[in-house]
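Each chain carries a letter (A, B, C and D) given by its place in the written order, and its residues are counted from 1.
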Amino acid sequence: MESITETKTGESTTAPKPLSMRFLEVRNRTYEICKPLKTEDYPVQPVTDVSPPKWHLAHTTWFFETFALKEFDPNYQEFDPTFGFHFNSYYNNVGERVQRSNRGAMTRPETARIFEYRKYVNEKLIDLLSTARNSKNLYDVIELGLQHEMQHQELLLTDIKYILGHQPFFPCYRVDSYIDRQLADVNFDWVKIESGLKPIGYEGDGFFFDNEKGSHQVYLEEFSIANRPITFGEYIEFIESGGYQDFNLWHSDAWEFIDQNGIVAPLFVHKIDGEWQRYTLSGLQKIKGDEILVHVSYYEAAAFAQWKGFRLPTEFEWEVASEKFNWGQCWEWTNSAYLPYPRFAKAPGALGEYNGKFMINQMVLRGASGATAPGHSRKTYRNFFHPHLQWQFAGIRLAK
Amino acid sequence: MESITETKTGESTTAPKPLSMRFLEVRNRTYEICKPLKTEDYPVQPVTDVSPPKWHLAHTTWFFETFALKEFDPNYQEFDPTFGFHFNSYYNNVGERVQRSNRGAMTRPETARIFEYRKYVNEKLIDLLSTARNSKNLYDVIELGLQHEMQHQELLLTDIKYILGHQPFFPCYRVDSYIDRQLADVNFDWVKIESGLKPIGYEGDGFFFDNEKGSHQVYLEEFSIANRPITFGEYIEFIESGGYQDFNLWHSDAWEFIDQNGIVAPLFVHKIDGEWQRYTLSGLQKIKGDEILVHVSYYEAAAFAQWKGFRLPTEFEWEVASEKFNWGQCWEWTNSAYLPYPRFAKAPGALGEYNGKFMINQMVLRGASGATAPGHSRKTYRNFFHPHLQWQFAGIRLAK
Amino acid sequence: MESITETKTGESTTAPKPLSMRFLEVRNRTYEICKPLKTEDYPVQPVTDVSPPKWHLAHTTWFFETFALKEFDPNYQEFDPTFGFHFNSYYNNVGERVQRSNRGAMTRPETARIFEYRKYVNEKLIDLLSTARNSKNLYDVIELGLQHEMQHQELLLTDIKYILGHQPFFPCYRVDSYIDRQLADVNFDWVKIESGLKPIGYEGDGFFFDNEKGSHQVYLEEFSIANRPITFGEYIEFIESGGYQDFNLWHSDAWEFIDQNGIVAPLFVHKIDGEWQRYTLSGLQKIKGDEILVHVSYYEAAAFAQWKGFRLPTEFEWEVASEKFNWGQCWEWTNSAYLPYPRFAKAPGALGEYNGKFMINQMVLRGASGATAPGHSRKTYRNFFHPHLQWQFAGIRLAK
Amino acid sequence: MESITETKTGESTTAPKPLSMRFLEVRNRTYEICKPLKTEDYPVQPVTDVSPPKWHLAHTTWFFETFALKEFDPNYQEFDPTFGFHFNSYYNNVGERVQRSNRGAMTRPETARIFEYRKYVNEKLIDLLSTARNSKNLYDVIELGLQHEMQHQELLLTDIKYILGHQPFFPCYRVDSYIDRQLADVNFDWVKIESGLKPIGYEGDGFFFDNEKGSHQVYLEEFSIANRPITFGEYIEFIESGGYQDFNLWHSDAWEFIDQNGIVAPLFVHKIDGEWQRYTLSGLQKIKGDEILVHVSYYEAAAFAQWKGFRLPTEFEWEVASEKFNWGQCWEWTNSAYLPYPRFAKAPGALGEYNGKFMINQMVLRGASGATAPGHSRKTYRNFFHPHLQWQFAGIRLAK
């Protein structure tokens, strides 16, 4: 895994490589992520939130086929006319269906055929790039496709971890993976930020998503923010002090949720024979106190902050302060709901479904995790999930 | 109903009446609201979100008994030692229970006994007020209790409407009620607000809740906001244009929700024999086009705004602009999540459960409705509900 | 309650009273059963299986109005044209509905009006009987209506007990009720029955239901059956020996059901401060060891029998042996599924819905309980419920 | 598939082959059934009732390892100590688990390793058989294991059909499979049986299950039974006459079930472009009128019989009449609940869980289907499923 994620901490600078080279690099990284899998790992969907690895492989490819090849290559021959039906379900523009199915039941087309699909689309796209020069629109679509694939690379790792981590005997993904075993590298301290009007949102020439666009001003009062995320050691103190049993620490919805679902620890954390252990991508391991906490929900993050007597930062506080601390070890829950920035407008057509329709019931996470693709993180990036979900590489940074 | 809510439009000014007189007035208004009910209407709970009228009557009384009489009157004799168990469930500080129950199964104590309870507590509290002069803390608790009861008066009307509106033959509550039959009084127009730093939150000497406290600044870009809420006529155009069938108009969670629950119109709206009708507190009636829309969810409000090509205002935009338009005909969904203001802190003890624990998964509504108690509305008031709920007197004001 | 059920043990002999007298007696007994209720007890439906007392009162009356008065009295004026809509839901022959409702939401028409309805129908029916002499068909319908009402009397008591027994403070129904406090009157012993072809099913001139009709032969091997039902004392031994924790004693479906629903004792049984108590119609009481067990499901009955090393009798064994023991203290679960006898055929029309459509997924109970109406029990009577239900006055008789 | 199931119609006679040869034949048939599968088909579990093919392969092997090799071969070296944990879940005798899982999440151990497991256990068992001569107990366990594997062969085919039949493009399993495409071979007629005491249950020297043991007498009245099962053509008449919309034809539980689950046809039957088609193991095909109906639930079978004016036979009628007609084209729902025969007793220990714990809530099917293993069918065989399940190769034979 080293070669895939190694240097990723904080803001990254993307070297101006040729697009075709970047295309192949990104596409190949998806392939590398899958190398340790067995064929049986590809089609399963243990819970609704987890997509089968096979589906990620095909869906990211379908994106390039649909929005680049079909749009810009008049001679393009579709790889398989049934694949659109299989893998376009991401967008609601679906046609008629003979019967209802779900991703986890899709054992066919088999994985080998998906890899052929990837190879075919890669070759056709490289061909197209070599002829269709200076086509700004094509380059934009490919760039969007690469960002889309990088997003799916993180989800793919998340889903792989979920699938393997729910096998009875906790198989190892890679012995040398440090994606979810990052260490706290500084002593806990507070960083103070003065009040004032602050610029928020992406400005620059690089790639950005529509949800982070629209630089605008936000007035912030003076605040302090932690110089590093919370560690497993700190969180286990919370567990052992009875944090999951004290309703005063939890939001009303959170209390109901953890009660009904029997949540008593972060995902993948087990107390076995009296000892705290957790499943990592390198297998089941004893928890080390200075490892950065991952796999908590917003509910847990907020309860922990309440217990500590502090709070979570807003996404605006986080963005403003982010140049004063290191980040990138885990996604960090903020106390901001995922809502549109001023002047946000949905793009027309299918691509307009990308972000806007998710702007309700979700909380913003900032930063990046050990599973985030290199070059895919920036301080204005707005990640978002429903507040009860634990299955991301998400942790906690405190503010006051 | 006239006597109860008559002049309520927009900000109200409360005359400086003696506290004991205000106490009796507010308590009596609860009684007036219940007058049209039959004994059988009091104990039922048709859905979880609806509390039995009996429970509202007892719970608001329990509040005064627990936090005023027991705290400030050393000689106070509890009305019935089992009532604490029955009606303190609002707060999580519950003692042991012999077995699980729910509000809707509680046919005992019977309603007549609850009215005795109200009378007893009223008398004891008036006695206490006549002796315990200048007790600032007592006055504060009574004021909070009155505000609490006024909140429950609106919920009581909401729940009464739900209970009666789900009887097969739609019984009338009061023939002359205009709570949910308010008319648009101006032609639609836009009000423009300049950009700038704006003060937000309650400042002054009157009563306020902890969630609206903490005057702070918010930077707003220039925006325009509608001079009145949407009417039923405008909303029915949305329905008839196929709004409930076009997924592009809806948030992802919203689309799933209306699909699974078969939502095709606001609550209480029925198409009967080809004609749009709705249940009002005066019975089933043909819909008039210029009546102010009520009983939509946030999901519906957002989809309607999307269809119109506009958006919902944020709660900050609403608060800043509220002096330039009339309000008070319906609660107005904003596009702001219910989150703490800067410097918000939960009060210690049981009263600290009042607001903070609900600050997740809910959207803010501003304004007031025809069911809001007189003197209970102000421009900084933050109401909040989950985005799927239709059962409030909630409507839509557009912004752009 | 004494006057209502006193002599009921085993087979009863019905004196040849005039039909009009019997009609008034049965109708009046329903009224007597309701006397201890408060108005608030009438409209509630705490769980789906429990019908509101109000509904029983109206539905049994609707039966006479629909099938006797409307059919046989050409001048009959309907009491209220909406009542058919409200109370005919027992049969699937429903017309169009403006919207879906459920029995527990029906606070209107109020209970006082239902009692007027009963009075009105009683008077009209007595008038009809005094004029329409020798109408065999009318007499048959009235007889069926009386049997129907007697069935509902038992359900009414069952539902009243459920409603009151789920109040937090366990109100007493009648201090002197022995319906659910019957004592074992003999020492446990076995009754032996020889093998052979045995006649099964009702034969005679009295009333019977279509499901028990059709005398036919069943071959039985030699068996023994207990001379009395199981007591609470015997069942508590089962609980205390860990019966609810040993999967080997339970059917597969049963084990899943008690696990998912947290069943650890019969309905209404609580261990309070280390002591076994149960809710009876006379309030919460310490359990006495020689009281006859009631409120177990078939699942519990079968597990208990397995634990004892015996089994439940079939309904045929029960019927054949019933003349050799006393019965009538509790309904007795048999190991027979509720299926049609040879030559069973559904009656045409609405009355054909009476029994046949329930002949799947239910187990037969034989006997009668303390809540069964006098004159409503006979050895061929086939009662039936789903095997997971505890809310009947049902117990256990062993066989081997 | 021809070679596997070809001659199976009605009662079969098993040639007295050496046990080791039979062992290899049965084990090899499982292998043959899996040949057309892709690796991705093995681990998935689209619904709870369907087990992953991989699981069938391992579980049947685990049976021989646990009850034969470990019991009778003192030198046996377990193939993999984790496999017991993975695959013994059939019986409730489970040990502690680090966390909850389900069969469909089990991507590991991979399928290739399961095939190694089968090979290893086969070899060890053949070795054991070659040395441990005349061990009646060992032979009995192996015979039970073979019968167990034959049962799973049918379930395996059922589950394979479910998995493939729920792929969006209906892949073919085998082009030449006639398992679910059997033709009616005679014209419909009635077979009449005289009344009398009839012997029921298995008697003889062959293999039988404990649930069919215990020859006993049952008295039957005269009846007639159809000489062949219902065809698809006959069933489609029922559909097209509105059978799924007429509540009078359905049991109460059935009507609720088909309503809530949107059942409007047998499993795998689709109306596509106005034409009745169905998924068979040879792919999607137009329905032929004279094909034997399969994949109906008991609920559907009973409703069809009601519509025809007839009924389903009891399992006793079926057994007595079975020598007068051909059977083996489909499992045939009877109107008998799955209950113990006289003198049935659960075997002690784990093997006692085999049948007894399922004797509630299920209906008996008699006969055999095109998917039943050769030599695994006999007239006394009692198959059983919950009445709502469609996924078996189950059809209808009428009686009157």
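What to note about this one:
In the analysis below, contacts are C-beta pairs under 8 Å (C-beta built on N, C-alpha and C of every residue); 3 or more make two chains touch, one makes a residue touch a chain.
Model, not experiment: these values are computed from the prediction.
Looking at which of A-B and B-C shares more C-beta pairs in contact, the answer is the pair B-C.
Centroid to centroid, with C-alpha atoms defining each point, subunit B and subunit D lie 58 Å apart.
Chain geometry summary: the mean Cα position of subunit A and that of subunit B are 38 Å apart. Chain centres here are Cα averages; for subunit B and subunit C they lie 45 Å apart. Counting partner chains per residue, subunit B has no residue touching two or more of them.
A complete list of chain pairs in contact reads A-B, A-D, B-C, C-D.
The touching residues of subunit B, when paired with subunit A in their complex, are 92, 197, 216-219, 221, 247-248, 250-255, 298-299, 302, 311, 335-337, 339-340, 342-343, 352-353, 357-361, 363, 387. Of all the residues in subunit B, the ones that touch subunit C in their complex are 38-44, 46, 54, 82, 85-86, 97-99, 101-102, 104-108, 110-111, 163-164, 166-171, 270, 272.
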